[in-house]
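The same chain A turns up in both complexes below, where it pairs with chain B and then with chain C.
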Partner chain A sequence: MGHLLQYILNGLARGSIYSLIALGLVVIYRGTGHLNFAQGEMALFATFGAWWINDHGFPLWISILLAALGAFVGGGLIEYSLIRPAAKKSPFAVVVITIGLFQAFNSLSGLLFKGAATGLPFGTLFPDAPSDFFRLPGGVIWRYENIGVLVTVVIITVLLFVLFQKTKIGLAMRMVANNADSAKLAGVPTNKVLMLSWALSAAIGTIGGCLVAGINANVSLGTMFGVFLLASAAATLGGLDSPIGAVVGGLSLGVVESLVTNYPNDWWGSTYIGADTAIAVAFVIILVVLLVKPSGLFGSTRVERV
Partner chain B sequence: MTMPIKIRESSPLHWALRVVGVSALAAIAVYFASNAAPSTLGKITEACTLAIAAVSLNLLLGFNGQISLGHSTFAGLAAFTAGYSVNAWHWNPWVSLGVACVLCFALGLLLGLPALRLKGPYLALVTLAVAFVWPTVARKFLQQTVKASTLKGMRLRPPTWTGLANNRVDRALFLFWLSLVLLVITYAIVRNLRKSRIGRSLVAVRDNETAAAVMGVNLPFTKTVTFGISAALAGVAGWLAAAQLATLDENSFSILTSIKYLLALFLGGAATLAGPVVGAFTYFFADDLLKTNAPKWDFLPGPLSKGPVASFLLGVLVIVFVFIAPLGLVGFVKAQGRKLAVVVPPPLRPAPKASDPTAHASPAPAGEVE
Partner chain C sequence: MTPERAPLLEVRDLVAGYGAVQVLTGLDITVAEGEVAVMLGANGAGKTTTMRAISGMINRKGTITFRGEALTRRAPDEIVRMGIAQVPQGRGTFTDLTVEENLRAGAYVRKGSGIEADLEEWFGVFPRLRERRSQKAGGLSGGEQQMLAIARALMSRPKLLLCDEPSLGLAPIITQELFDVLKRLNTEQGLSILIVEQNANLALRIAHSVFVLETGSIVASGTAQEISNNDAVRTAYLGY
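Then we have the complex of A and B:
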C-alpha cells in the first residue's frame, strides 16, 4: 500500500503539468475548434526565454513571470497575424500553420540558444535538496518540489476557473465557446476573445514548460515533445472542450504513467517496462475510453440537426 | 478581362494535351535516368517514396475526410516486415511486398474501427497515439527478435531481365525506375477509385455523412475499407523505404514522418489528384536544398548555430506558403489556369421530346442520341 501512495504522489506532480498544458489546448479549442500542435514548442521557446532572462542575473520567479508575459503577448500576436487570416482561407490552413509553427519554434530555440540541443541547466522554484520532503506514514515521502508543482498548478487552475465563471471576459469566452455566431450577434467582440484565448494559452504553457524544466533540472529541444503528446492525450481523455476534463485527464494520466512505469519493475525486476511503454499503455486506455465516450469523459456531445 | 479558352472534355485537343503532358513527364524521367548521378537518382527515389505516402494519405484525408497521423506506422510496419522477412527468412522481396500490404490493410481496417466513432481532432489524437506507440513496438521487436539495435534493409537486386548489374550505380537506377513505376501504379489506383462510384461515395461521406447514408452509402464499410486501402498504399511507401535504406531502426518511422506526409499533402493540395505528388517533390527538394546550402551561409551572425537554420526556414516557408496558396500548389495553379483555359464537359444530349415543353410549339431538330 505504501508503494501505491508513493507512486500516486509522484504521478500527481507530472500529471498536474499535463493538466496545465492540456488546459492551454482546451482554452484554444473551445474558442476556435483548432488543435494547436505548436502548444508544446511555443512553451519550449518561452521556457528558453525564461532561462535566458535568468542567465542574465534575474531571480528565477521573475524570469518565469516575464517569459509568461512575453508568451501572452506573443500568443495574441500569433492569433492576430497568422491564425485569424488563415482560418478564413481553408479549413486545413490552420492545421498546417500550427505544424509550421511547431517546426519553426523548435528550430528557433536551437538557433538562438547555444547548447539547447544537449540541454541547459534549469533551476527550480522549490526546495529540491535530497532531504526536502515530508515523511508520511508507511515510509512514503512527499517531496517539497512535487508539492510545490501541484500547488502552483492548483492556483493557476483556480484562477482560470474564476476568470471563466466570475468575470465578464469569462462569460464572453464561454459564449464564444458555446456558439461563436450567436455571440457575435449579441455584441461579443469575438476576435478579441479568440486573441485572448491564444494569449492565455501561451502564458499557461510557459508556466507548464518552466515547471517541467524545473523537475528535470534541464531544458532541451526534446523536453516538451513527450509532455505535449501526453497533455493532448489528457485533453482528449477529458473532452477537448472541458477545462475540468483537462485537469482530471492530466492528473489521471500522470498517475497511470507513474503506476505503469513502477509496478511492473517491482514485480518483474527493473527495466522491463520503460517510460515510453507506460505512455503506450496510457494511450491504449484513452483509446478504450474514447470508444465508449467519443467526446471524452467530460466533453459536451453536440447533437447535429439534419 | 479576356475569356478563358474552352476545351471540350475528351475532345481531340484535350487528348492531345494529355498525351503531351504525360510524354513530357516521361521524357523528364528518361532524361534523369540517363544523365543524373546515382546520388540525385537516390534523392528522386526518396521523393517518390514520400509521394506514394502522400497519395495514400490523400485518399483517406483529402477524399474521405478522415485525418490520420498514424501513416508512419503503416510505412514502418511494411518496412520492418520486408526487412525482416527478406533477411531472416530469405523471402523473395516481391512476396514481402504483398505480405506487407496485406498486413497494413489489416491494421488499417483495425484502426478504421475506432475511427467510425471519432471525429476530427479526436481521430487525430488516436492516430497520433498509434504513431507514438510504433517506435516502442519496433524497439521491443529489435531487442527480442533481431537482437540488435537496427534491422538491415533489403538489398534489392535488379532482376536479370532488366540487364542491370548488381552494383551501386545500377541499383540506384533500378530503384529509381521501380519507385516511379510504383508511384504511377499508386496514383492510378487512387485516380481510378476517385473517378468511380466508390470515389463519389467517399467524397459524399466526407461532405455529409447523413446525406451519404440516406443516398445508400454503407458508412462503416466505406470508411473502414478506405482506411485499409490507404494503409496498404502507405505500406508500399514503407516497403520502398526498406529497399533504399541500409538500416532501419526504431526512429525510422516516427511521428515526424507522419507530419512530413501531412505537410507534403497540404503543400501540393489535399483532395486533388496531382496535389500529393507535386507537394511531395516540392517539400522534399525544398528541404534538401535548405539542408545542403544553409551550413554554407557565412553571412549569418556568429552566435547563431547554423544547424537548425534549414529546419527553421522550412517551418517559416510552410507558414508563408499557406497564405500564398491556401489550397496547395495544385489548387493555386488550377485557380490561375482557369483564367487561361477551362475544360468544359461535352454538350448535353438533347432531352427526349416528350419531356420538352417547347416540343409542341416548334419541333426541335433531332439530335444525335448515342
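Then we have the complex of A and C:
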C-alpha cells in the first residue's frame, strides 16, 4: 500500500498544474462561454518570458511575478483587440482566433527564444535537492517541491475564492457569469469584466507554466501540449464554470494519471503504458461523469451544451 | 393625478431594432415626475425593445432625455447611474447568487454608505426575501423572484423604475400583491414608474398615464381615464 500513497502524492503535484491551467480556462469560460484553446501556449510564452528575465539575472520568483504581470496585461489586450471584435461576429470566430493564438504563441516562442525547441533549463522555487523530502510511514517520500506546488495551487485557489466571494469586482464577475444582460442593466461595465477575466486567466496560466517548467527543470515548445489536454479535461470534469471543480478535476486527473502510468509498470514490469494511456483513461472517466451528470461535477446546470 | 407634473423622461422619435430589422419606427412617450405610466401593446409590438432602448441595451436613434439630460449616446452603466433602473422581462434574476447578493448586485453603481440601510429597508418591504436572504435566488418562486428583481432594481436608488411585464407567469393573487407594492412605492416614495403590461385592466388601476403601442409606434396615449373610455382601446386591450 505504500506505493498507492506515493503515487497519489506524485499525482497531486502534476494535478496541481492541471488545476491551475484549468482554473484559467474556467475564469474565462464563466464570463464569456468561450474556451480559450490558447491557454496552454499563452502560459508557455509567458514561461519563456520568465526564463528570459531570470536569464538576465533577476531572482526566479521575481521573474515569475513579472512574467505573470506581463501576461495579465497581455491577456487583457488580447481580449480587447482580438476576442471582443471576433465575439461580435460569431462564437465560431472566437474559436478560430484562440486556435490561431495557440499556433501563434508556440511559433513566437520558437522564434524569440533560442533553444526553445530542444528546451531551456528552468529553475524551481522550491528546494529540490535529492534529499529534500519528508519521510512518511511505509517508505513513502513527499518531496518539498511537490508540496510547494500543491501549496501554491491552494493559495491561488483561496485568493480566487476571496476575490469572487468577498470583493465588489468578484461580485461583478459572478454577475456577468450568471446573467450578462442583468449585469449590464445593474450598471456593470461588462466589457471591462471580460477583459479582466482574460488578464487574470493569463496570469494564473503563467504560474502554472512556470511550475511545470520547474518540475521538469526544463521548458520547451512541447511542454504545454499534454498539460493543456489534461487541464481542459479537468475543467470539463469539474463543470467548466466552477473554480472549485477545476481544482478538484485537476487534482483527480493528476492522481489518475500517476496511478495509470505507474501500476502497470509495477505489475508487469513494462514501460509500454505511458502518458498516452493516462490521457485515454482520463477521457473515459470524463465521458462517464458527463453521461451521469452532464453539467460536470461542480458545474451549474446551465453548462450542458458542451 | 395632475397632468402638469414636470417631465422626467422624454422619448422623441425613437428608432431601434435588431440588425437590419427595425422594430421601433419613431416612438414618442413622456413620463412625468412622480407618475405611474403604463405601456400597453400586443405581443411583439416592441414594448421590450422600447425598454431596452431606454436602458441603452441596444442601438437606438432619436432623442431620449432624462431630467433634462440626453442619454441616447450613453452606455447602460451610465444610464443606471443617472437614475434609471430596469426590471427586465423574465425578471433577470442572478439565479446562482443568493438573495442578499442579488440585492448587493443591484447596488453595484453605488458606493459604501447607505447600502446596508437600504438592504434592511427592502427586507422590511419584502419580508419573504429576508427569510431567504442566504438562499440561491434560483430556488425562489416566480412571485418571490419578481419581488427580488424589483428590490434589486431599487437598490440602485433610481428616480425612474422600468418594469417589463412584471405579471408574466404569476398567479393573479401574486400579481395583485405586486401591483399593490408598485403603487405603494409610487405614492409613499414618489418613485416614477414605467410599466409594460399585457394585463391592461390591472395596470390601468394604478396608472396615471397610458401609452398604447402598435407595431413600433404609439397609436394612442392619454390619462388612464381617457384611455379606459377609448372604445378602440377598450375592445383591443380591455376586452369589454
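Going forward, the second predicted complex is superposed on the first by the 301 of 306 C-alpha atoms of A that agree within 3 Å, B and C clash if a C-alpha of one lies under 4 Å from a C-alpha of the other, contacts with A are read in each partner's own complex, and residues count from 1 in each chain.
Quick note on the criterion: a residue touches a chain if its C-beta (ideal position, glycine included) is under 8 Å from a C-beta of that chain, and two chains touch if they have at least 3 such contacts.
Computed from a predicted structure; not experimentally measured.
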After the match on chain A, would you call chain B and chain C a fit or a clash? fit
Touch test for A:298: chain B only (first), chain C only (second), both, or neither? neither
Using centres of C-alpha atoms, tell me the angle at chain A that chain B and chain C span after the overlay, to the nearest 10°. 80
Which partner chains sit in contact with A:107 here, chain B, chain C, both or neither? Use first/second/both/neither. first
Looking at A:198 after the superposition, I want to know if it touches chain B, chain C, both of them or none. Which is it: first, second, both, neither? neither
Could you tell me if A:48 is touching chain B, chain C, both of them or neither one (first, second, both, neither)? neither
Chain A: partner with more touched residues, chain B or chain C: B
Have a look at where A:228 lands relative to chain B and chain C in the superposition and call it first, second, both or neither. neither
Please indicate which partner A:142 is in contact with in the superposed arrangement: first for chain B, second for chain C, both, or neither. neither
Enter the shortest inter-chain Cα distance between chain B and chain C once the structures share a common frame, rounded to whole Å. 14
Just which bits of chain A does chain B share with chain C as contact spots? none
The answer for chain A against chain C in the complex is residues 168, 171-172, 174-175, 177-179, 181-189, 300
Provide the residue numbers of chain B that touch chain A in the complex, in ascending order. 114, 117-119, 121-122, 124-126, 128-130, 132-133, 135-137, 210, 259, 262-263, 266, 270, 303-305, 307-309, 311-312, 314-319, 322-323, 326-327
Seen from chain C, its contact residues with chain A in the complex are 55, 57, 75-77, 80-81, 85-86, 88, 92-97, 101, 104-106, 108-109, 152, 156
Considering only the defined contacts, which chain A positions touch chain B in the complex? 29, 35, 82, 85-86, 89-90, 92-93, 95-97, 99-108, 110-112, 114, 117, 229, 232-233, 236, 240, 274, 276-277, 279-280, 283-284, 286-287, 290-291, 294-296, 304, 306
